[in-house]
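Listed after this line are the structures, all set down as structure tokens.
Two complexes, one shared chain (subunit A), two partners (subunit B, subunit C).
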Partner chain A sequence: MNTAYQIVVCGSIVPDPLQTLEPVTGPAGPALKNEMMLPAVLDPWASHALYEAANFAKHSAGSKVWLVSLGPKAKLQQVMMTVAQKVPFELIALDGPASGFTDAAEVAALLTEAIQSIPGLDKAKLLVFGGWESASRGAGATMQIVGERLGILDQFQGVDELKLNPDGSLEILERIEGGKHQVSRCVSPPALLGWATGNLPEPKNNPQVGMVNMRTAMPALQKAKPVKLAGESLTFKSVSLPKQLRETKIVKDKSADDIAREIVEWIRK
Partner chain B sequence: MDVDIVCVGFGPATAGFLTTLSRQLLKADGTPAIESTVTPGMPPQILCYERADDLGFGVSGVVTRARGLRETFPDLDPKQIPMAALVAEEKVVYLLDPIGASRRSWTVRAADACLRAFKGLLPLKNDALELPWSPAFLHKTGGLVLSMGQFMQWVGAQIQSTGTVQIWLGTPVSEALIEDRNVVGVRLLDQGVDKQGKPGEGFMPGMDIHAALTVLGDGPVGPVGQQIDAQFGTPENHHSRDWAVGMKFVVDLPENTPLKPGTVLHTFGFPEPEIFGFFYVQPDRIASLGIFVPSWFDSPMRTSYRYLQHWMLHPYLWRYLEGSKLRSWGAKTLGESGRRGEPHLAGNGYARIGEGSGSTNVLTGSGIDEAWTTGTQLAESVLELLKAGKAFTKENLEQSYVSRRRTSWLESEARVAEKSRDGFQKGFVRGMVGMALAGLTNGRLALNGEPVPPYQRIPTLEEYYRGRISPEEIDQLGKECRIKGVSLHSALMQRCGWPAIPYDGKLLVSHQDALLLGGKVQAPPGYADHVVFLYPELCQKCGTKICIELCSGQAIAPGQGGVPAFDREKCVHCGACYWNCSQSVPGNPERMNIAFRAGTGGLHSAEN
Partner chain C sequence: MPTATDMTPTPTLQTLPGDDIRQIMWRFADRYDLAMMVQACRAVARGPVARAVASGERNTHEWTPQKDALLKAFDEAGITSAFMEPSEGGYIEGPKNLALSLLAFELSWVDAGAATASLAGNLGLSPIHERGTPEQQTYYMSRAVPPKPGENRKAWRYAFALTEPLPFVGVETGMLGGKVRVAEWKDGGEPTLQVDKRGRFITNMGYANVVTAAVDSDDPRIKGSCMVILEETDPGTFDRGTPTKKMVHQLSSTCDPVFNLRVPASRIIGGYTVKGGCIVPNYSHGEIIEAVFRRTRVTVALMSSAKLLSAIEPVIRYQRTRFRGGEGGPGSPRYELGLQQKEDSQHRLIDVWATGEASTSLGFESARLFDQVDPLEKAKDQWLAEKKLSGRAALKELMKKQQEALELVRLSSQPADKRNSSRIDDLAADPMVKFSLLDSLANVFCPACKLWNTGHGATMMREAVSLMGGYGITEDCPGFLGQKWMDAQLEATYEGPEAVQRLQLSITMTNELFLAQFEQWIADMRRIAAQRPGTGACTLATAMRLWLWTLNHVQTATDADGAKLYHKTRQGVTFALADALCWLIAARQFILDVLELAEKGQANPALTDGLLSFVNFFTDLCHVQSARAGGEVGRICAELVHGYNRHPAWDEASCQACYCAEELESLEGIIPGIDSAARACADVTEASGSRSQKAGPCVSYAGLETFIRLRAKLDGCLTGARLAKDRAAEALTKVMIPEALDYPV
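Then we have the complex of A and B:
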């Protein structure tokens, strides 16, 4: 039974969700105001996928994790200085836009090409991970298209758990309606998993992991392939922020029921 | 883990150090110009650990002459750096009190009355006087207006792209490793602990990083700097008793703003005479503005946030700010003792740079350029020692780094500034005269006034409000605020005539909204509280609880049994509580009752 997997995580960067995001229309179409000034983080959905990948690899001897990441090189480099301390992986960097206003199919094509360029890639061992959606590319289509382009038929979206069965098959929990999970069994790789939040906490910063990762991450960043997204097949009619009303209140030591009750009252007002 | 050089904190000084160093570690063909002692065949292994979660979180906007920056970047083009502009116009403005609530001495009141009486003859408009002349030492002609956050992101990306330096974010250094009076590296902060630091789920003890040289650039409230001072002492008669809280907003100005990028306004006189203001206009209608509340503003109710709002509402400024929108908010404290606060700059295995090394020039109000230059000077010295194969001993570092610093403009200008602010110890007017004297005579003359520690200078509430609010009423208001779990300053200021802030939800927002919308403050779980009340019994008997009133993030609130409660999730790591505690600990008159230790989180904005 082979349990040495090649796990490729697709994870790009997004503006730190804490920042104030303001869409503007520029000469090249919609963009975020001052996007290059905004601090970036690894897409939260992809982060879960990366941590799950590392955890799965840790328990499957001989496995290896790659992180394929598309974004402006300088921003990627900065984000790696946070992410690289978390879990071991080898970076494959693509130097290109990380805006939310990109075509999922185009992005998927680039990611697929990058995955296919991994030396020694063996589809019989391949697990492709990613977020089931993205904090900036909310279409939730990118990973599906990556899977299709790679010819992976077994795809799972909204994944919260992956287990290795004694017979070598994979047991996967996918989110479905009503707060329930659907349990699937996948006989063997290749498979594509679009992760929801998973169950793992954010790993602690480990300086040694960071040092090991940077031995490959820095060269990968230095030779990051510049890529372009033409955006020709996509037209945005308009972009705007959802209307919002904000009222700040900080409470602690209150039960979830009480908080929910207060929110309902506030909405009804 | 063994490396060659480890840096603590990535501020402007460390950025200057790493920029200079990283340029000379590789030959043109990519081979090492200098070889690592821990990884033979490789260039020196250089790591920098930074507490904040990203580059440039937690530093502040600035106007600088940029002398040191331009020495490093001779072709520096402000257009390369977001939010940077050349200084175009500078004004120093005296703000009168349009409300009547400001606490002004009789000399200031008399001056105000004269100004108002002769307003037909003076350029007095919008309750403000634009000074027709200001001394050259205050000017930043030819300099730059910068967002330090954006500058640090810009320079950090360049340093890391060399591939010779790693800057690890969100990784606080807990302490220096000291063996036989030699600093041999640092220990990182424990992870997976509870608020008290007890190991919990996922406990990961802080790793030891051994290095031949530890570079301390952790700022004026850095825990490693504090530890080194405690361990090795400070030079005779040196102390850090002068400081200020700087609090700022970054705003989008209205579309029809008449202010041009590069405009610099400095204000004084309002909301209290001792509080100075700054207003820097950046490209794309962005402005950084805020106030400094200095240590010698002897009020037990020294709230920066409320005063900042009153300052913005001054008619002189509000005509520019009305219709503006908050983008970012932040606060930090500044060590303002200058050369008098300088610690031992080097020892066996360590060197100190930046603000924590006493580099800030308190006369010219300049710190970034000076901090950067200390970093570049250390880098030149380190390269010199590495190339000569010399060890990082106290003697070698003093002969190279310290002597470089002593013979540079940093030292000569710091000496001019050394006593320039002493006059403020005895009053605002005397302080302004003292500054002018020192500045105009190149430091030959100054008005005296020895800075004293906070517990010797902060009056009780009853003393401060004598004649304005009775002790009984103060007591009653205090009880009401404790029940509500809020600070007292708003109630007392309102009682003294400060009007309520007309919140508009855009620029005039509550302190909590500034924290969340502007500062985006965060704290990851699994770390201990970094603010600790050392002797709870001292807190219980403390009448002023100034730590609650001045807390920049409302992270310190009334707590049970009279001991304040600290909420790590709201802390912006400004360090105001550390400087300002009014209780000294038994046996050490220079040490106050609040410990400010290594911690994570804080501001999540790179625009400050």
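Then we have the complex of A and C:
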């Protein structure tokens, strides 16, 4: 029974969600105001995928995790200062745009190419992870296209849990309607998992893990392949922020039940 | 023809400066070990530390489980082990002054007490780190490192026990509140020491396992003073004492401990030798603490700097949202700008920001300086040991190197075509010459940043709090500004209060090697001013020249009674000049950091869109800060130069020097206009004997012409400074800020 997996996580960067995100129209189409100057984080969906990958690899001797990331090299480097401290992985960087206004098909093609270039890639051991969604690209299509291009037929989206069964098969919980999960069994890799939130907390930063990761991440960033997205097949008619109503109230010493009740009442209003 | 200020490009601040900008300005863009450490530390500061503050953990003097949990968070995030070498379990190679300063800065962004809790452990270890024997270093440093997975041990915590004078009992800081005696000394064996020490205000004492304590000999068989290592399991009394009822830095543990312990003599830090039946410690406590404090004071300085910069975002948000919910909907100036409609609110925040930038620049430059000094200092010690030199002989040898360093500075100042390049190369290659140069700077920068960052920083924190109105002094003020204001006052006090820093500066700033470099800086500032007129570098150069003239003047001048002006007891002179110097070097360092950003930022593609806007904004802030520094220096220097001369009175001698109205009247026919001219520039005694209503005849500036010219020039150099402030203030109203603060209230 083979339990040594090659886990490739696809994940890029998005602006820190605490920042003010204001759509603007630039010469190359829609963009976020000052996007390059805003601090970035690893896409939260991809982050869950990465933490789950590392955890799965930790419990499957001989496994290895790669993070394939398409984004502006300098921004990626900043984000790695945090992400690289979380879990062990090897970075494969592609120097290109990480905007939310890119074409999922083009991005998927580049990611696929990068995955295929991993030396010693063995599809019989391959698990491709990524975010089910993205904080910047809501199409939810990128990972599916990556899977198609790699010829991976077993695809799971909205994954919250992955377990290794004693017989070597993979048990996967996918989100479905009504707050329920669909349980699937996948006999063996290759498989593609688009993660929802998973079950793991964000690992704490550990500079010592980071120092090990950065020994390979820095060279990977330096030799990151510059890529361009043509964006020819994509047009945007209009861009706007979702309508939101923010009512902030600071409370202390309230139970979770009380807070939940109050939120429900507020929604029903 | 455009003026200097007209040439300032227009793009202005779009977002608050992020890590890309700061890494360049503070010179660690190429250090990913430090960049990662900063991120790890930030997560702790804005997570567990902020939650502890928000939940009221500062409101108790006791060491609570929640405060204790912070130590675990420090361990897990690599904050504790950042001080150690990789061979000891750390992960940062080489000197760590900049690393520890960055940690202090990040933690203090939220709460400096948390920074103190972390750094006090390093302070406890520092005597061992700086002067311990190799065995002591190996043993104690590695035990401070948190256990790795699979290791069954607890990390040791450390405290540093010097002394603190007990009020009203006649004890001063010069006396050590600790004694050491020989308890037992068998022939051929190692002596056992009896240590009695009472500590006061000892940080980390609530949980420290090891204490490094300063003690004085109480036994003719022990010479002088020393520092000893005390462990909680040593036989005797290891009483942690009661928690101090402090009103600041409450996330650190502070107690007044009592020790009465027996320890082997091998615990004397740095070891000892036996001479004539007497134990002679290799290092006195003074030698050890000098090596320790000159480094750790820099981190304290940066605690205050972090507070100022951390105040900017919450104040902007407060100002902008101040009137929302009332009259005026979205889109109206009242709704969008709130208090930022008022120039005063903008200008005051600009002052806070400029001070924060300058003090941070000064602090980090000091830390980097010590990173350079550390290996050279070790080389110097080795060099002297190889030459078997100590005491006066060593000092004499170092003085020779200082003269060579002086020669290097003077040669380097000559025009390129007249320089003796081979001599310059020889001198520059000598590590001892380099040590002399850097040491003379470190001796100024360390007290300067401790003094100015904390002292003036506390004043500016008050300003930041005032910008929040009544909200600033509430417990849940966003950014915890009220608590930070109070904490800043402590930072001005501990590890050597302001008077101690001024005293040290008054000595080190007159070192001719420092002053030679200071002369070079003036020329550098002029050159920078020619290339970047908007920075205020010209203003600063003039202010530096005025300060230097004043320093030279007061060193030979006397007061109206003939007493020397520059004397160690005349702190009204020496301390004031020390204060003035701090303003200058802080503003200078800020300018240098902005130049670094302008130059190196171009290599970072992530800054392509915004670099110019940051550079322009910071350039205006530099101008504001340089003008403020110039104003302070001008005021201080003018008070010192004129203030010790007695004002002329309407006495006989002075009156004789006045014009007589009758004489002027008679001369008017011969020299038309003499009467009005004389009245305009001198004093006149009327026929009735009356004179102008004033204190006495106006003072004469004889001998002070250069000063008067420089002072007038400095006033003129302020031209454009307020325009820069207006531009910076306008930028404040447009800069994009995050939706919410990234730590709780």
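Here is the rule we use: the second predicted complex is superposed on the first by the 256 of 269 C-alpha atoms of A that agree within 3 Å, B and C clash if a C-alpha of one lies under 4 Å from a C-alpha of the other, contacts with A are read in each partner's own complex, and residues count from 1 in each chain.
By our rule, contacts are C-beta pairs under 8 Å (C-beta built on N, C-alpha and C of every residue); 3 or more make two chains touch, one makes a residue touch a chain.
What you are looking at is a predicted structure, and each value in this text was computed from that prediction instead of being measured.
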Exercise for the section: After lining both complexes up on subunit A, report clash or fit for subunit B versus subunit C. Expected result: clash
Practice task
Look at A:28 in the shared chain and tell me whether it touches subunit B only, subunit C only, both, or neither; answer first, second, both or neither.
Solution key: neither
Exercise for the section: Scan A:74 for contacts with subunit B and subunit C and give back first, second, both or neither. Expected result: both
Problem - subunit B versus subunit C as contact partner of A:222, first or second or both or neither - result: first
Exercise for the section: Determine, under the contact definition given at the top, whether A:207 touches first (subunit B), second (subunit C), both, or neither. Expected result: both
Practice task
Classify the contacts of A:39 with the two partner chains as first (subunit B alone), second (subunit C alone), both, or neither.
Solution key: both
Exercise for the section: Using the touch definition from the top, say if A:183 reaches subunit B (first), subunit C (second), both or neither. Expected result: neither
Problem - Steric overlap of subunit B with subunit C in the superposed model, located at which of 113-121, 131-139 or 455-463 - result: 131-139
Handout entry: subunit A positions touched by subunit B in one structure and by subunit C in the second
Key = 16, 18-20, 34, 36-39, 74, 78, 81-82, 85, 204-208, 210-211, 214, 218, 250
Problem - Of all residues in subunit B, those that touch subunit A in their complex - result: 1, 47, 53-55, 57, 82-83, 150, 153, 156-157, 160-161, 163, 166-171, 188, 191-192, 202, 204, 207, 209, 284, 327, 505, 510, 512-513, 516-517, 520, 522, 524, 526, 567, 570, 604-607
Completion exercise
Per the touch rule above, subunit A residues touching subunit C in the complex are 16, 18-20, 22, 33-34, 36-39, 72-75, 78, 81-82, 84-85, 204-208, 210-211, 214, 218, 250
Handout entry: Complex contacts: residues of subunit A adjacent to subunit B
Key = 16, 18-20, 34, 36-39, 74, 77-78, 81-82, 85, 201-202, 204-208, 210-211, 214, 218-219, 221-222, 246, 248, 250, 252
Fill in the blank from the handout: Touching subunit A in the complex, subunit C uses residues 14-15, 18-20, 32-33, 35-40, 43, 76-78, 81-82, 91, 476, 604-610, 736-740, 742, 745
